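First up is the structure itself, then whatever we jot down about it.
Order as written gives the chain letters A, B and C; numbering starts at 1 within each chain.
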Amino acid sequence: MMRTTWIIARKDLRQRIRDRSALIVGILAPLGLAAIFSFVFNPISEFEFSADYVVVDEDGGPAARLFVDQVLGGLAASDDITVEELDTVDAARALVDVELDPFSDMETADAAFVIPAGFSSAVASPDEARLEVLASRGSSTAAGVAVAIAEQFAGEIQTARVAAATAEVLGAEGDRADTGFRALAIPSLASVVDAEATSKILDGTTFYAAGLAIFFLFFTVQFGVNGLLEERHAGTLPRLLAAPIPQAAIIGGKAITAFVLGVVSMVVLVAASTLMFGAEWGNPIGVFLLILAGIFSAIGIMGIVGAFAKTAEQAGLFSSIIAVVLGFLGGTFFPIGQAGGILSQLRFITPHAWFMQGLGDLAGGNVADVLPAVVALVVFGLVCGAASFYGVRKGLSR
Amino acid sequence: MTQRTLECSGLRKVFDDLVAVDDVGFHIDAGETYGLLGPNGAGKTTSISMISGLLMRDGGTVTVGGREMTTTSTDAKALLGLVPQDIAVYPDLTARENLTFFGRLYDMDGKTLKARADEVLEIIGLSDRADDRTEDFSGGMKRRLNIGIGLLHKPALLILDEPTVGVDPQSRNAILESVEHLSREGMAVLYTTHYMEEAERLCDRVGIIDHGQIKAEGTRRELVQMVGQHDRVRLETTGSVDAAVAALDALDGVAKSDGGDGSIELLVIEAGEHLTEILSVVTESGVAVSGVDIDEPNLESVFLHLTGRALRD
Amino acid sequence: MKSFTIAAVNLKRFVRDRSNVFFVFIFPMLLILVLGSAFGGDFQARLGVIAESEDPLAQDLVTRLQAIETVAVVEADSAEGALRSVERGELEAAVIIPADYDEAIGSGRTVSVEFLARSAQEASSLRSNVESAITQQAVVLRAARFAESEGLATFDAALSTATATEGFIGDVSVDVVAVGEAFALDELGQFDSSAQTQLLLFVFLTSLAGSSALIQTRRLGVARRMIATPTQVRNVLVGEGLGRFAVALVQGLFIMIGTWLIFGVDWGDPILATVILLLFSLVGSGAAMLMGAVFSNDEQAGGMGVLLGLGLAALGGCMMPLQVFELIAPGLYTVAHITPHAWGLEAFDSIVLSNGTFTDIAVFLLILVGYAVVFYALAIWRLRVVLTR
């Protein structure tokens, strides 16, 4: 039985190698697309936050200088933020109120802080005080940060004012502003503590390499699992059935063909994407486990289509629909899991999502973290594999 | 001079290093059936492809109805109907749709096209399956449709490339009969085959092609004579044959005679013409003839003679 | 005329193949729906908030965070769940408001609010938002704490005084004035950008898949048979191409009208949009004919079709908008314009975003015509070679 299975698989593999389709679908297409995707998307995903701000101090009072020197001065100490002080609002506006033109060398700013004249004296009185932020529509993130900074400062100033007024009401003496500044020494009641989370997100290059690999895997295994329909089409199926070999050997031969094609294409894709464009698949053992389980699930699912389709055309049609829908839903082209909403839950009905999740967990963890995904994929493979084996047996005696 | 339906000469085609067709030329007149007889790979299909403007020539000329044929000459192609060797029909269209489609490509239209399609369906015996998709047809039915498409526009020249390959005897006979019928109606037919019997039955003239060259050409009889072969006549006799043999040897047209036990074997030029004379001589010699068997030399033997190999190599 | 006959048969065969219904009509609409609802619309950074306490101050902080316009607050159940969500990118960051938040503040202790992010830098803007909210919330409390520390009153007494006093003191407000040119895509509706890019992606992809029609015609021997009739190679190719062109056009119109009716997508001037689609379909069918003339195996052409269809779409800005290329990777922006997709998108952007007129998009249209002419010419040349040489 093992021998005949292997003989059939070897014959099928030889046919697949002669017909270059499996090569194109299994290796060339995913690798080519991964190359294009990482070429296109990497500059974008590697884009890092940076902000250029300008500030105009029309006031010059102590509260204004506190903002310019302490708050903004502190910000400018970080690498990704620059702050420049300008003399006039017009000059600042000229830098912020610009048309988007990436090819221009003109200096621009993401936001301008304007401290109007009278700010400091307003702050020292119970009157309303206001700061202004000119936020560039073209750079929403950096402008948003500028607004948050200004509001944070406004909150601090308000704290100082309320504290000084309260103290005064309660009988404290002394300069109101001084009291206010002293009040700022009272620490914020809650401090924000960074707790860094390990990223379990694949970097862009790896994401596309992995997503395309698993997406095309479902097409590649078809070259094996649809083998029976091809034998039927070529008229060689009755010959095989008439031969003194168990039916399971014929089915097994097709499954092995699919498996070998799957392993070869995935291994080549992992190696090539790692060497050619620096994809980081993670711990090889974990990756290999995921690949094996992924191929297993792919053979199971595509096997069902092959088993219940009547003709090769029908099988081709349904396989493509299923592979494409599962692939997209499983987040192989877009990180659907990160989109949130019902889709990010629904995706787990696809093996693709488990595969991608497993790789992500592997990237931010260790080999053991792939186990849930591997188990899920194996379950997919077992359930669908059993169904397709049953279907094929039924079909053979038809 | 009357116009030849097909005139070709000096045809030459080279694929890479292989000279597939070398200096092939012949002509066909209206109502004439010309057979191109040769084994597989002799250059029949390549020649036909050049004649029907499917393939660029490396040399030679082709005119159909006086119009020069090239891969782009639509006026010459309008006169020609091609039945390719491999079935070339859309499997997912019905027989009628296939016919209508190609009819339109021959600038037929409307009622004429519909009437003619019905006519052709009748001729090829597919009237009752006209609206079924051809993928469900048997091999023979597909072949007949394949031929029908070539007949549709009543071409002046019909080219059939091995139309009977892989066809059951019944369909085959139907195909041969319809070719005979078309020829009687005045169509010029170019017929390639590697079946000697078909060439003998259908063709007024035959060109024997091998290794890309026409080795000999003529009517069957001309070809046979060209190689100097005689008809073999065998007479079943009763009684002594010696006298008869002696008398036969003296007869004009009899090359050789041989008496055996109860039979006489003769080699005769034009057995048909001399048979009466032979029979009377034999009867006069007091021998009763109980049976006559004439074995004419066939194209098979001509081919063997010309190329030193059998036709179905 | 003969081309039309050939196109008609091509279409008849297309219609009989039911598989086409799914990929040509259903799938693109599904994808537009899915991508539009998942990724379309205004991007809001997602901040997970885990309030481990129902106390008023903790809840007040949650309310303040929810009030921030640029942040979408997702209330999470557990710190572990939030951590996992952050790690997997389902949230940009998360804050954990501890169970003793109110109690600690009331008793004068400083309490830690944990801020979870994959990288501090990436989430810096969210962190500023959280800090700012805490500062705003703490105004009165800190004032009271200050008065207490100055020995002026007990904390409780100081707190009631501070609360009363705050009412007499004007706000320190931040006026935000938005200036400059907006990032074009921010002005598009939720489904707009995905609808236009998907339109081009699918029209091209479906067209390339249609190259199999020409390949089949060749393999069936019908193409040669056509050449034996008084029909030129170019008529055969143009006919087959016209068939694919019609499919592309119908698919495109279906997507345009469908998304307009269902999702209210703005396609700009309908006539100009149709003209763009028309020319792009012509380009797609030309590319399909070229593939059909070059490849002689269905499955190979299928694989290459997916590779080219998705690859060119990605490069041409159908997956990541051209405007993003333009801002972030100007070199890539230039490269993108090798593809017909980029020119089609430029034309759509012009009519949708800036009410472009025919003259505004004439150049883009002309370039599309150029692509179509080149593709068809190459295809005719190639088909003539494979059929007659």
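The working rule: a contact is a pair of C-beta atoms (placed from the backbone, for glycine too) under 8 Å apart; a residue touches a chain by one contact, two chains touch by 3 or more.
Since we're looking at a predicted model, the values are computed, not measured.
Among the other chains, the CA centroid farthest from that of chain A is the one of B.
The central chain here, found by comparing per-chain C-alpha centres with the mean of all protein C-alpha atoms, is C.
Remark: chain A and chain B have CA centroids separated by 71 Å (rounded to whole angstrom).
Centre-to-centre separation of chain A and chain C, using mean CA positions: 14 Å. Chain centres here are Cα means. That of chain B falls 67 Å from that of chain C. Across the complex, chain C is touched by residues 19-21, 24-25, 28-29, 32-33, 36-37, 39-41, 43-44, 47-49, 80, 93, 96-100, 102-103, 122-123, 126-141, 143-145, 147-152, 154-159, 161-163, 165-167, 169-172, 182-183, 186-201, 219, 313, 316-317, 320-321, 324-325, 328-329, 333-341, 343-344, 357, 360, 364 of chain A. For chain B in complex with chain C, the touching residues are 52-56, 71-72, 74-75, 77-78, 80, 82, 84, 86-93, 97, 101-102, 104-107, 149. Chain C contributes residues 2, 5-6, 9, 12-13, 16-17, 220-222, 224-233, 384, 387-389 to its touches with chain B in the complex.
Contact residues on chain C toward chain A in their complex (touch as defined above): 18-19, 22-23, 27, 30-31, 34-35, 37-39, 46, 61, 70, 74, 83, 86-90, 95, 101, 104-105, 110-122, 124-125, 127-132, 134-136, 138-147, 149-150, 152-153, 157-158, 161-162, 164-166, 168-184, 186, 297, 299-300, 302-304, 306-307, 310-311, 314-315, 319-320, 323-330, 332-333, 336.
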